[in-house]
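The first chain written gets the first letter, and so on, giving A, B, C, D, E and F; residue counts start at 1 in each chain.
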Amino acid sequence: MAASPTQIADLTWYDFVERVKANPIVFLPIGSVEQHGPHLPLATDTLLPQALATAVAERVGGLVAPPVAYGYKSQPKSGGGNHFPGTLSLDANVLIGLVRNIVNELVRHGVRRIVLFDGHMENQWFLVEAADLALRDQAMLGRDDVKIIKLGYWEFITKATEQVLFPDGFPSWELEHAAVMETSVMLHVRPDLVRSALIPDGPAAAFPPYDVYPFDTGPIPDTGVLSSAAAASAQKGEVVLAQVVPDIAAALREAFGPE
Amino acid sequence: MAASPTQIADLTWYDFVERVKANPIVFLPIGSVEQHGPHLPLATDTLLPQALATAVAERVGGLVAPPVAYGYKSQPKSGGGNHFPGTLSLDANVLIGLVRNIVNELVRHGVRRIVLFDGHMENQWFLVEAADLALRDQAMLGRDDVKIIKLGYWEFITKATEQVLFPDGFPSWELEHAAVMETSVMLHVRPDLVRSALIPDGPAAAFPPYDVYPFDTGPIPDTGVLSSAAAASAQKGEVVLAQVVPDIAAALREAFGPE
Amino acid sequence: MAASPTQIADLTWYDFVERVKANPIVFLPIGSVEQHGPHLPLATDTLLPQALATAVAERVGGLVAPPVAYGYKSQPKSGGGNHFPGTLSLDANVLIGLVRNIVNELVRHGVRRIVLFDGHMENQWFLVEAADLALRDQAMLGRDDVKIIKLGYWEFITKATEQVLFPDGFPSWELEHAAVMETSVMLHVRPDLVRSALIPDGPAAAFPPYDVYPFDTGPIPDTGVLSSAAAASAQKGEVVLAQVVPDIAAALREAFGPE
Amino acid sequence: MAASPTQIADLTWYDFVERVKANPIVFLPIGSVEQHGPHLPLATDTLLPQALATAVAERVGGLVAPPVAYGYKSQPKSGGGNHFPGTLSLDANVLIGLVRNIVNELVRHGVRRIVLFDGHMENQWFLVEAADLALRDQAMLGRDDVKIIKLGYWEFITKATEQVLFPDGFPSWELEHAAVMETSVMLHVRPDLVRSALIPDGPAAAFPPYDVYPFDTGPIPDTGVLSSAAAASAQKGEVVLAQVVPDIAAALREAFGPE
Amino acid sequence: MAASPTQIADLTWYDFVERVKANPIVFLPIGSVEQHGPHLPLATDTLLPQALATAVAERVGGLVAPPVAYGYKSQPKSGGGNHFPGTLSLDANVLIGLVRNIVNELVRHGVRRIVLFDGHMENQWFLVEAADLALRDQAMLGRDDVKIIKLGYWEFITKATEQVLFPDGFPSWELEHAAVMETSVMLHVRPDLVRSALIPDGPAAAFPPYDVYPFDTGPIPDTGVLSSAAAASAQKGEVVLAQVVPDIAAALREAFGPE
Amino acid sequence: MAASPTQIADLTWYDFVERVKANPIVFLPIGSVEQHGPHLPLATDTLLPQALATAVAERVGGLVAPPVAYGYKSQPKSGGGNHFPGTLSLDANVLIGLVRNIVNELVRHGVRRIVLFDGHMENQWFLVEAADLALRDQAMLGRDDVKIIKLGYWEFITKATEQVLFPDGFPSWELEHAAVMETSVMLHVRPDLVRSALIPDGPAAAFPPYDVYPFDTGPIPDTGVLSSAAAASAQKGEVVLAQVVPDIAAALREAFGPE
């Protein structure tokens, strides 16, 4: 291994000073420790945004902060549910506070362009709150020049890529938990962590249009995988990255404008 | 790379279920993103406890949870200070909440023996509070069979190892920030991340017996390194690990008792 | 007017005691004070769930608690955005605490079947957290017989009703903010509050696949209406209620099981 | 029904913009869901301040925000106690946070004159804290032109009106819970919600000069009514409004000064 | 001086163990640091409840915990206002948390009968919340045998004593801030701290029936004393104590019942 | 007794105004209610910093605020442990909030130089957080001229004084809990509170290099005293004060600079 020029974790503080002078986009990958079926590791939702954020950062001269490795409570319809063993989740106020703190700290050291790069669907709204509160903190400190972008990388997958991933029809991003897309990208970026022999096949889960607490485990597949992952392949994962990474890079360049 | 049998991040939930049946010790490394001079990376305090916790886990059949990568605010006397660029720190309530949440989640899934494995001196007291509040939460839920151990790996270094590290006399663990011990262990476990050419030499910092807020930067060395790291070597790092890892393993076996 | 048998607000405590004996489903409508274009009132997201929850309550012998009249911060893609005048929103922790408190209070008085009846898309995840924390509180108090259902009424609209509402194609529930569906139902249940002459027509908003903070107001229509409401009618509103109300009632009967 | 020009709930955001240009006084009614004897509905403490605030708003060209419908925990000496069925109360921090949020949101949209219009004696001190914290928030944002008035409408009842209400002597506002004054005003403004046949008569409660937790229910009348309501009448309610409404309007005009 | 048998501060832990065996009533005096005119010290509201609680404790075999020396924000109508120099006040959540913590700690060590002995009118409602939350904590821990009494000592002053204090008519307890009663009791218990030459005389303050934030300082006397203290005397203070102390003792014996 | 010119508690607000004009250093003693063996009172950690802070204040023209009488949870290695009867401790967030509030209040009234004068080792890190958050609050209010110093008086004891206290060798400040130093100073400043006949003698406690929760009481001496106090004397206490008080005064004069 060698120190990566994109990972804040690997930089010395002297490096950090130099890099921040260029007003880089700083990416904060936000994941989870969540069941991902019999074939994917618990950290899937952290590994993927870290890999993708790094690839995007390389294109835009950005930096990647150490990921938030724990996320919000897994829900049946998008993650199988928090009751699955090994799923280690945070309360809303802790996740909000954690991301708010990190954003404020980056700003304190001169960063002004921040991407909350989400890998776990359940995190979304708490990232919204973290961004809003951090901007309020900055307003109270007299600063109004910070811009935060929140994204889920899957939202950038185009219809064309969807076609490659799901030639027989796209279920929905919620049901894609540990299924074709996530498995394919993992096969591409971390094949060592995929138990290929255990990739499950089975019908997509069907949920009622409401949510029950404590969870009604009836409609949840035993594996925790919400639709078949059988059609996953490293090649499909490569296609996803080849499309999504430059598209995110382009979108961010436009959204943040010139440095 | 390959899936590690000690890292919870790498396990599937099926693996997790199997492993927890044996009532393993689960290690939570807790670090920081903190300046470590011109030669060590910002994540040093996370990398070290992760490496050591993993080595201990291998000896005791334990598991390592994804590390807490952000820690409490760096202080001049033990870390140079929070004002150094790249130092990204958490408020006390966020760090306490984060560790409390993770402990409670491990317990929810059947873990009963937890080690808060600290790599950043400033975290200590907030880990005490997190442990206390998590045990209170468990008491409120009717559980009283959880045991939590908090440790800083440096506390296990024996006089004999101190002698190897500091043949000319031991300064203090506080002043050892980014100095001989940390640099040596990094040279042993992650030499790719050490900028050897930049290892600083200089007199140990001298602080008054009080603390000033906002920091008085007068007594803080410009490099952020609190005493000379010049005598560091990978060999010394190896000596540290060779002593500390089995000693921690033995101590934990005794402290936790039979499974 | 007369005291309604479904509204907790209208009951005396003697009535409440009688009613709770039958283990009724209690509905908590949760709305917002949010811009809804030039034609709908700021309380639209509270009025609608209150009306629908009441209609469902009448069918299942349930009770309706006073609505939560303030909701989470409006977002561009689902509500136009929090910057629109008159939009009065809550921080996440306040909304979570409020709903958690009300649920716990209902349970304290003997209620065991609770529906969080959402009328404001942005509330969703905070209701999840409120439900989870209230159940944890109850577990700490030794109770495990509470069931909470969270729903957004629009999720129950069938394909057939969608067809009636949008004969030319359905945009998405997010873009339906203050548009055909909400306007139609308001025309049916509170025509006095709809400024019919001002119902806007215009192309649907188009947003990039990411979110910007502070909001990028570029893609947001000036009216705050995310797609045309021109095709709204009281009749369509009647169709929605005629389908949705019995379907929700049936779903709840099944989900909660016999009293 | 028709859209009310005083209710923010009924306005569109375009209306809101127009109205706020005139720097109106904005009223926030704050009530509770609390037992009010066998004859008054649980929402009495919300309905009354909403009715009175609306009447005052009409006189001063003000606006009324959607009421805070849940309040602080009922106490034996002023409300019978939180143990009475149907009494749904908030923790202090939730009530404080809720009112603080709403005040800050009004200010964000240009409102500078706010009245916390209390209908539930137990809310008082938490409104003080909400006002203080909101003003601190505004100070942190650099604003110092906000004025907040907190009032309980009963404090404006003159000796002369007291004489009409209680020709045989005034007990105390605390003991007036669900008694002559509240019943009379309800008979005037919402007679449909008063169970006249059940208006209780009975001696005033007598409490010791201390408070016991958990409540000592010994001194609390079974009905929850703290002194006789038998002498209530719609006519008395009318007298109260005829005096209090113009007096509050006059007081606010003087306290806020010219627009 | 000598160790007092009533003050927990003075006991060793061995003494504490012995004393708690008898299930004593434990008093927590709760005061403030608040302006008390030109003649009384800032700690008046702490000194008085400490003195009185100690006198009562001596009669009932009770213990007095170290007082809470900081209280809630002084208000114009009952304390002159928080803007007076030297007035050091707590936010509601801090005061609530502090008292809740202390109560829970006493219970943890076996205390079951606790008196929140208030010396500062503004503290009252936050003590209610602290008591309620502590009892909830205890319920979550499975304990239901704790009884908490909250009292303001002035509430025990009888009409007869009022007559002695105010032969010319009683203003109100609110206006008694730093006036006849407090000055008299201070002259009796801590004459060394009373600046007798500076005891102010002046008309009672007259406030409107509402509260303004930021404070309207118009109606507040310049001295911060809300009504004349000229008639104060040590003798009157003695009368107050001679009546109030045994009455509180008797009330507590009855309220707590036999040990 | 007589009003002390150094104690804020004893001042009137008129005095306070006068004193603050000179920009005095204000000392906040922060202690605990914690077991201190069979011979020292539970308030030892509050009495000592109050006595020392007062002595220093007299030298520098400073003021002493009412002490924070409750502190953070006692730990086995530095205080014997929180399980000892009579030990009444605060949660971290309460202690942080309390000190943060008091600091902010002092600043509000014009104080700019504040010393957090700690008497209880376990408080240290929470004082760091309180100072940091208070300074952030002040920054949000636009103030940047506040300086806070945090100190533990024992850190000022010189090697020479150590020699007097421990002619046979110094254990460590942690093990000095209720031992030679604290007992000596108490014998000097509050001999009335020391049970001299009960001063314990015994070997110093020996702890493993980690901490166990719930506490492992094995290594904790039954008395709660961590090393022998037998060599304590009032004379030694006098020596400590004679050295420490002027040294702290000199250090503060230098650290704060000219008024």
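Structural remarks
By our rule, contacts are C-beta pairs under 8 Å (C-beta built on N, C-alpha and C of every residue); 3 or more make two chains touch, one makes a residue touch a chain.
These are the chains along with the protein names UniProt gives them: A, B, C, D, E, F = Creatininase.
Since we're looking at a predicted model, the values are computed, not measured.
Counting C-beta pairs in contact across C-E and across D-E gives the higher total for D-E. Averaging Cα coordinates per chain places subunit D and subunit F 47 Å apart.
Per-chain Cα centroids separate subunit C from subunit F by 55 Å. Between the CA-based centres of subunit A and subunit C the separation comes to 29 Å, rounded to the whole angstrom. Counting partner chains per residue, subunit B shows two or more touched chains at residues 91, 93, 140, 142. Annotation, chain-chain contacts: A-B, A-C, A-D, A-F, B-C, B-E, B-F, C-D, C-E, D-E, D-F, E-F (touch as defined at the top). For subunit F in complex with subunit A, the residues that touch the partner chain are 139-140, 142.
Here subunit D touches subunit E in the complex through residues 72-73, 75, 91-93, 96, 122, 124-126, 128-129, 131-133, 135, 147-151, 155-156, 208-214, 216, 251, 255, going by the rule given at the top. Residues of subunit C touching subunit E in their complex: 137, 140-142. Subunit C meets subunit D in the complex at residues 1-3, 8-17, 20, 33, 35-43, 46-47, 65-67, 69-70, 84-91, 93-94, 97-98, 101-102, 105-106, 109-110, 190, 192-193, 195, 198, 224.
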